[in-house]
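Structure first, then comments.
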Amino acid sequence: MEKREFDLITMGEVMLRLSPPRHARITDSSVFEKHAGGAELNVAAGVAQMGLRSAVLTKIPRSSVSAFLRNRIRFMDVSDDFLLFDDDPDSRLGIYYYEGGAYPRKPSVVYDRQNSSVTSLQFEEIPESIFTAARMFHTTGITLALNPHLREVTIAAMRRFRDSGTKISFDVNYRANLWGEDEARETIKKILPLVDVLFVSEETSRRMFQKTGSMEEIMRSYAEEFGVKIVASTRRTVHSPRVHDFTSIVYDANEDCFHTEEPYMNIDVIDRIGSGDAFVAGTLFGLLKYADAEKAMQFGNAISSFKDTVPGDLLSTSYDEIASIIKAHRSTGPVSEMNR
Amino acid sequence: MEKREFDLITMGEVMLRLSPPRHARITDSSVFEKHAGGAELNVAAGVAQMGLRSAVLTKIPRSSVSAFLRNRIRFMDVSDDFLLFDDDPDSRLGIYYYEGGAYPRKPSVVYDRQNSSVTSLQFEEIPESIFTAARMFHTTGITLALNPHLREVTIAAMRRFRDSGTKISFDVNYRANLWGEDEARETIKKILPLVDVLFVSEETSRRMFQKTGSMEEIMRSYAEEFGVKIVASTRRTVHSPRVHDFTSIVYDANEDCFHTEEPYMNIDVIDRIGSGDAFVAGTLFGLLKYADAEKAMQFGNAISSFKDTVPGDLLSTSYDEIASIIKAHRSTGPVSEMNR
Amino acid sequence: MEKREFDLITMGEVMLRLSPPRHARITDSSVFEKHAGGAELNVAAGVAQMGLRSAVLTKIPRSSVSAFLRNRIRFMDVSDDFLLFDDDPDSRLGIYYYEGGAYPRKPSVVYDRQNSSVTSLQFEEIPESIFTAARMFHTTGITLALNPHLREVTIAAMRRFRDSGTKISFDVNYRANLWGEDEARETIKKILPLVDVLFVSEETSRRMFQKTGSMEEIMRSYAEEFGVKIVASTRRTVHSPRVHDFTSIVYDANEDCFHTEEPYMNIDVIDRIGSGDAFVAGTLFGLLKYADAEKAMQFGNAISSFKDTVPGDLLSTSYDEIASIIKAHRSTGPVSEMNR
Amino acid sequence: MEKREFDLITMGEVMLRLSPPRHARITDSSVFEKHAGGAELNVAAGVAQMGLRSAVLTKIPRSSVSAFLRNRIRFMDVSDDFLLFDDDPDSRLGIYYYEGGAYPRKPSVVYDRQNSSVTSLQFEEIPESIFTAARMFHTTGITLALNPHLREVTIAAMRRFRDSGTKISFDVNYRANLWGEDEARETIKKILPLVDVLFVSEETSRRMFQKTGSMEEIMRSYAEEFGVKIVASTRRTVHSPRVHDFTSIVYDANEDCFHTEEPYMNIDVIDRIGSGDAFVAGTLFGLLKYADAEKAMQFGNAISSFKDTVPGDLLSTSYDEIASIIKAHRSTGPVSEMNR
Amino acid sequence: MEKREFDLITMGEVMLRLSPPRHARITDSSVFEKHAGGAELNVAAGVAQMGLRSAVLTKIPRSSVSAFLRNRIRFMDVSDDFLLFDDDPDSRLGIYYYEGGAYPRKPSVVYDRQNSSVTSLQFEEIPESIFTAARMFHTTGITLALNPHLREVTIAAMRRFRDSGTKISFDVNYRANLWGEDEARETIKKILPLVDVLFVSEETSRRMFQKTGSMEEIMRSYAEEFGVKIVASTRRTVHSPRVHDFTSIVYDANEDCFHTEEPYMNIDVIDRIGSGDAFVAGTLFGLLKYADAEKAMQFGNAISSFKDTVPGDLLSTSYDEIASIIKAHRSTGPVSEMNR
Amino acid sequence: MEKREFDLITMGEVMLRLSPPRHARITDSSVFEKHAGGAELNVAAGVAQMGLRSAVLTKIPRSSVSAFLRNRIRFMDVSDDFLLFDDDPDSRLGIYYYEGGAYPRKPSVVYDRQNSSVTSLQFEEIPESIFTAARMFHTTGITLALNPHLREVTIAAMRRFRDSGTKISFDVNYRANLWGEDEARETIKKILPLVDVLFVSEETSRRMFQKTGSMEEIMRSYAEEFGVKIVASTRRTVHSPRVHDFTSIVYDANEDCFHTEEPYMNIDVIDRIGSGDAFVAGTLFGLLKYADAEKAMQFGNAISSFKDTVPGDLLSTSYDEIASIIKAHRSTGPVSEMNR
């Protein structure tokens, strides 16, 4: 494949996240910490932090608040080349409020994303050059769910990326508060033939897709029915809002092979948001860099577990740091306590 | 007049204000300070801080973010008896971002208040008891400008308050970013016959209302044309975003008398937002407590100048503190440097 | 029973709590976080957060520091109608300093509450209207222990509340640093005949009250000897300052029935102060709302466990949040990780 | 005179100061900044920061809060050799709350110092060695005013210091909220014969001491009547809480000479507390180091003006820094904008 | 001239700046705020914030601290394409500590930049592509002064840029703590023939360059002697560390014309660092965008004055914001108080 | 032994430690918390906090940053009598950056200590009086490793202390990033004959010292070969960066006796840095105060475990607090949850 400027371009909504300081409550704290977030941005940031080139395609209002988001996106090494600005005076930015948990208090999210700029994105606004700019394109079910217009535009973009020789990655990321199971299933079934790499959970497979059988059978079925090449599914155990275990299964249809490993146990969860997206980022990194499903699974697990320890949606790390996490996880001998 | 539970009820939008720490930029800071704001809430809070009973009539979503606002409203001694909650899952809270200035950097505001809950307020939702609950009702041109539906509801409420023996206070507060001059003039002219106490600036009088002549002539004209009893207008000189002078003129139509005083000079402006509303609060306090236009003007000036020194939209003070400000302002002898 | 303005009125000292940021030391940190606290206020706040109407009867100096406390009390939805202000220039506010722990460092408290305003409260200062204003009255052994004068006033108030048809709740809350075991036992025995709902720990029952036998026998004995209707006792296991288990036993004398449930295990303790008072609040909420000892025990346990995760003495929550905690605790199936 | 361990020992109350962040209000802010303060400690710290050896004689409870104060005292280079600890469980630490001002909002102080440990100080508790440990002893009228017992102890100590060859410095620092003018005048007149260096304001001289005539005549009268060697008086002009001018007059009775200089104009007042004490410190430093009233006046003015720019009661500076301030103040040529 | 990827490339040291919070002292505060700084980076950031493309050529260690700087550089819209990383384990990052002033306390700087990575930069390490990548190259006398090796490399780079058709901008920025006047003069005279745009102060012209005559004569002399096309010199009046006036003179040698304007008066100085570099940025922006010395002078003055109000070394603004500052500065009519 | 002014003098580098707030990243946070650190200072502070007199011998630049360190050293009750100041304008202060961990993210350290002032310390600069000022002298292998010149000076100082009747304590503290194993072994073997109390880990004994056999045999070998009187070695189990177990073995050669105890289990690690130094401090405290190896081991374990819960390098505690930790650790009965 020819050399392209970006390894990955993602498409979706970029939001302002506002959170009280750790352990404080939205109802009570005197400040909010400011973060940039959004599932597709999180994936782009994760891949960029590992050393590949990524960009995010989205639309935000032209304002100082958006300028903060743009700055943070660049801070995280994601290109802002495809950040489109909305000059409509009524345009607005999606916001969400997130409060972490501590057992028995659960984490909670309040969304305020109705009518945000991205939902008005027109296909014609998307720069033509983008379709040949990247090796892979990634989006999620959230983008399809935001509104019917954006769904059409997103699917049209997926087709153009595919037709221009770009691999397609898709994370189902089903959100019951955004759309119903029937609408989601019908929509996603239509686009699955476009997809090379699919992220889908066991629960969504069983409930929304109405799959049955073992998880291995389910994963294989996506390949058989729709021609998906890689299917990845996470396995998370939530002991409390502050302690999780995490691993995953990655199915490589070419080899008809399932890859998994021992979970990261008793992860110290500092900020859980974006951990699923970090798994996507790590898996795509493994595929883009090594074209190796085993490595993809290892990077996915390591980055996802690592993300849980980092405040904010966006991963802040480096290839060397993650490589040493993987090494320690696979090691059976003594491991140094500290990086000096 | 009979004893009523509240001295003042105001009606308008309550918003979440988000500001970077003093002198930091929205585009750069890592946190936002959280405040409750909104012109009509600010007036209710000012009157409450002076020791009278006030409430605000508004509608906000049912969420933890709104719960923070409700808590702050009570913190400021304003009753939440007429805070209506919106259970529509698509309901949203108005937000605005405010960054203070430092010469030559101007203060700036970014609004995100489209389709907020208050714009869906139905007349039928307003508790019947409210119309006889207060001695005075106050609202502003902002509430009329937010959308046509809310305008109808607000005017209907004004009439009901008036018919139930409640005095009506109105602050024109013309905002060019919300509606045009013609629409504003036509609307407001219709409601002025309901109004007992009118707040209007010289600039708005000349431009939007197309008045001519001296400011005294203009103020008198509101009384003559529409039967307004009190007309108040502020006089602010902005030396820099951090230094203002402030005074006002209050016209008492019964006495055909103008009240004014020497300005507060070189006010240390810490947070300018809500200073105009604090003037309204002080003036209404003077009228409600003393039925005296001279005192109304003095309290209006003192509270407004004081508000400039207090972070956030909402005044935090007490009757004793403001009384000592007035005393110091009127004194010609030595004044103590500190309250011990 | 007739409709009364408040569901609960509590009586006791309201204090300023000063704490270093989480994990920092009093001896070293550069700031203190400001909180309002006090066992009886904590109970009133817990009941108010659940949606009932509560007030606190106390006395504090007239100062800006007290104004902060008053504001916080309102913030937490507790009425300040019975907050009495002390105009004596020598009056003072009780203060306590609290530092959280981390094993092996224990949490620690430094009190500075000698001669605070509340200890000068005169029976004549208490507004007559209060005695018929509430369905239930609550106080604790701390209020009795502060000084002999306040003890007399408190007992006189209890009698008047009782005589006016108010249920009486009492939390023994024995503090060895405030009074001796003999003095406490003699005093409390005299007031137990007034008490409908009693909170007492096993340790205090055995040591201060010199009870023997099983805890069930002890609880039943309070009903038999003094006519108490409900006896509640907590069961807390402290694994470390940051990890507790918690449950309780509630004895309903009418039914001669003991209610308990599986403990909340491995609670993430963010701020342990007020957790016992939150148990009282939850129990009283269950009794006031449902007149059901089983529900009282469930709400007591849930609110107490939840409080451990909230910074400050005062619970910040809502009925819906606690109801979902109870549901999750009683569920055996899968539970969602996050509130969206 | 023989070599002594300390240049200066001061005696008075050491307090915990709690302040909201700059411009925030006591009634509203969520944190307090922690400072150590007290007029006599402030003087000791100022002298220590200039490079001389100083200590403070006081009594505080044995607690973690006191340990913070002790740490801060050492941080500021003041010796804690004469910090006495109070093991009485009822002992308490004096506290004061300070909020800065911004015109027209005045700075304000709330004191909570009744019955603090220092008021129980017994003469017998003072280590015998202290009386020959220093070249100079300093205290203020505040210490005399706190309570009659402490007054006796303080005067006895003054005599012992004097008899042991220690120079005596005294700052009248009259506080109307602590004692009446008659009581103050009678008390202070008795101790003036012990005093070598006297600090007294014009206002106190005229009102409390009932002096008349020009300020020069008044200053000379203290020398003539009581044998005082140096009389110093500040001249402060308060333009606003954030802008002051400052200079002083120092009278050297030996030379019958008055020393003064052009004021520091438009000082940026960040924290006004302790500025008067810093003037005392600078003056005493000039006398102790150079035995020169002109230099004493210059150091007094420079340190006092500098203190206004430093948060907290206690001066944080160095000899070199103050020397460069004096040089710049006296310079007529160009002055560098920045210390590089 | 052909289209080039960047409008401006600057070369110099990028440092970590550590500052206590506003008004706090280095000797006392408990935290440092982290900033990226360095004269040449500041210029690149200023130009980037105005909407042109810029990059900085420098060398920093490979570490997490450097990663923070790299992230900040991208945050400010400056390209990191020419950020070279130093893998030598002994490599270090330049640091400086900055504390702002408040009259009479001066701002102060402590440098710790000895042997930083940039001083080891080899000419061979500089990517060949850089020399044709930009329309203009900018460096300062600081880079020449850091050490003799870096001086050689910098001059060699200047020549290569010049030879590749890049305009050369140079800011003398003489720092007496880095090198002597004679060494500086001899060095800079050698490179002036390469320079198109020269920034030099009156004081440096008279002292270090030993120029005499009026400032106009001096500025013209640089053009006549060395062929410089544009000479720019700032005029700053320091009323206090918090209040400055600012304007400049820009000489256009082609037109033999001097451009100046009324100063920005009473600028509210929040953070003075980088204000001189912001002037350079604004001037270069005017030249690069409009090739107009009058506009260059206006943008230089506006951006420099604006920078004084922004915390940190790096300008955070936009073209629209600066254009409105210029418009307000040149307006004689009423100007809006706030950007809404 | 004669009475000496200090119980302990330590010698080594004092550094500025900069850390992001807990759980934040160096690459991302907006502030650094400032701490004073350095292995030998940490030991001096630990001993001082327990109530003995200690001082640190080191050399730092003369700057405001150093003044902060000096202030913190005094804050922690360590004498600054032997803090030498470096007036070389090129002198620099050692810095290190520390970021805590959360599984699977490891803690990490970045050092910037090359050419710091302490490495230029001359033997002649050390005040002669120091050699007879203390009962014990302590240093570590870090000081020997920093550079060859400092190594010579340190060894010379050790000899002088030894010759002047001072006990010598030495912590091997091998750091592979500072020197190689062979160089370290050869150097340390030469000084071991001077050493009375030796701290060495099992890993360093086996790898760097090439010891074999059981840990008891190894510890005994240091006594037999070099005449060391006390050998102490820690036993730490790292479950995660936030959970450790800790105990130790202390060998008393005189008694040929090994002292150990049950580990502190599941320590809540807030800040791991300085925990090893706190063990040294506790052990030396036990030896200096009680001359008892069993108590030394107990104090070493308690203080080290306690240190893990305290932010910063330096222990902040008191004798009473540690004594109660030891009592609770050894108790088998019920232990109070909180210090009231």
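Per-chain numbering from 1; labels A, B, C, D, E and F assigned in written order.
Keep this in mind: contacts are C-beta pairs under 8 Å (C-beta built on N, C-alpha and C of every residue); 3 or more make two chains touch, one makes a residue touch a chain.
What you see is a predicted model; the values in this text were computed from it and never measured.
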Item checked: Touching chain B and also chain F, the following chains -> A, C, D, E
Checklist line | Homomeric contact chain C-chain D: same or different residue positions, threshold half | finding: same
Notebook entry, point to check: Between chain A and chain F, what is the separation of their C-alpha centroids in Å?
Noted result: 45
Checklist line | Multi-partner residues of chain E (at least 2 other chains) | finding: 25, 27-28, 30, 67, 71, 75, 108, 177
Note to self: Using the touch definition from the top, list the residues of chain F that touch chain D in their complex.
What the structure shows: 67, 71-72, 74-77, 318
Check: Quick one: in the complex, what on chain F touches chain E?
Finding: 18, 25-34, 63-65, 67-68, 71, 89-90, 92-93, 95, 97, 99, 108, 110, 112, 114-115, 177
Checklist line | Parts of chain F lying in touch with chain A, wherever the complex brings them together | finding: 23-25, 27-28, 101-109, 111, 175, 177, 238, 240-242, 272
Margin query: Quick check on the complex: what are the chain E residues that touch chain B?
Written below: 22, 75, 264, 266-268, 270, 302, 305-306, 309-312, 316, 324-325, 328-329, 336-340
